[in-house]
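Have a look at the structure below before the remarks.
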């Protein structure tokens, strides 16, 4: 396997249940978009967590780190809620031999207009072209987690 | 004006705010879909309420009834949350000279896959072809409100 | 069966083949949209023809008429190219006991923005609410075929 | 400006004109998708050509090369028809100081299901992370143009 995608929840995975009139984290809908892209790479998608990123605990982050360590792939993409993406990126520091790229979206992947496909594609390409390390791919740019912040008002990631 | 559409909120109007990670009733997105349909009728859209239908009060229903009475159109469509659509339909009984059709959706209009456009189109056609009275247009069928119920498990309206 | 949909081709059914870089009439994509609408009516879809409507012959129209006559449903929707929809409507005159509604679209159903779902929903509702006869449901309105024309410049049907 | 996108036509830019019942190269629809991605980079989109890539001449390719040479950006993305993308890539060899990534799509960007957004995002990321040279970003992978071929039957690019 060349590349593994771990899903952890967040806005990108949100689906809507009318029966309850709520909007919850569900099965990741990005699989369908990747099918359309007809990828010429050997990859798989593995669900690790299904949580809003504000609810992630240290134990959850340890689980994600272990999943990355156990993966046979050296190219890793992690889809994640945007609110604590930077914290999870920092918790993944120091894993040798792996290029790890975190991404997510501001609008759920299920929406007609969404940044989800764009961001996942960016992250998959970055994971293949960058040297080992941990990165964030959001809003069309690659970020060093120590130099990125989420601008809540503008609803995007920025360089700091 | 031949036809007036009143929006009241509900699932059909739900939009997503990542900054708050919540899913709230917003400005109705159906306008964009109607633009695409390039309608050959004289109509307008008026926002009356922006609420989940479970939160509607008697005062809210009186407001909707007044809006219908004040409309210069005899053909009326009301978009509404599905949970209490039948109750609002009953609160609109007995208005002479108007064909009133309520509709809504199980998935937000903003979703890539949604029943919103289908239902609004059904309701607009029913409002033009039926005699005066109050009707519900959901799941491809026209319902007499006194003989309709929402099957929450199957997530659709049925004849009773 | 309460309602039968016959597909005949036209813009609504157009799909794109990159291998040939052409845009051809394919399997009707409306089935997927109807699935999303979760219809509460007993219906089926039957493909009769797969042609641009400008290429339809008298023999083709006789085939469509025969399909309608053979249907066990009294409520009939026919999806059709817009250029000769009126001619086909006239070729279906005089069938007793059936409400027949023709519809189509200006943009293929496969497009992200399309009038296809809106028009099919309009036609299905009109087929259930109107008395026997032949009608055209386009651009949100029901037309008597003898009083309708396609305005090619405005890309919509109008009353004449 | 950090990155410039040149559009040249091809499937990715195809729009549909019902009035003529044809499918032609139009104004590039990718602008809307990039708007949704809310990019945090300084870029612009420039239309150079509007052609099926099978119709491109040596003069057309010289025009594209000149546009790249004239650009103030060192990061370049070119959207292009897939049939002769490799030939154009080869015609862009030997431009110092620029990372040039060609991409396109098998389904028009206007479609509800399309590989266009995925591919443009891949290309924009590759243009920012790779050293100077000419590359093709298709089907989730980066290709050296001299080692890529389009598999027409499988409708995707492959390593050779």
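In order of appearance the chains are A, B, C and D, and numbering begins at 1 in each one.
Rule of thumb we're sticking to: a residue touches a chain if its C-beta (ideal position, glycine included) is under 8 Å from a C-beta of that chain, and two chains touch if they have at least 3 such contacts.
Note that the structure is predicted; figures quoted are calculated from it, not measured.
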By the touch rule set out at the top, what is the minimum number of steps from subunit B to subunit D?
-> 2
Comparing which residue numbers subunit A and subunit B contribute to their contact, where sharing over half means same and under half means different, the two sides are same
By C-beta contact count, C-D versus A-D, the higher one is A-D
Please report how many Å separate the Cα centroid of subunit A from that of subunit C, as a whole number.
-> 43
CA centroids of subunit C and subunit D: separation to the nearest Å works out as 37
Euclidean distance of C-alpha centroids - subunit A vs subunit D, Å = 26
For subunit C, write out the residues touching at least two other chains, lowest number first.
-> 106-107, 112-113, 155
Please give all chain pairs that are in touch with each other.
-> A-B, A-D, B-C, C-D
Residue numbers on subunit A that touch subunit B, as the complex places them | 11, 14, 16, 18-19, 21-23, 52, 54, 81-83, 106-108, 110-113, 152-153, 155
Of all residues in subunit D, which touch subunit A in the complex?
-> 33-34, 36-41, 43, 106-107, 113-115, 117-126, 128-130, 137-142, 154-159
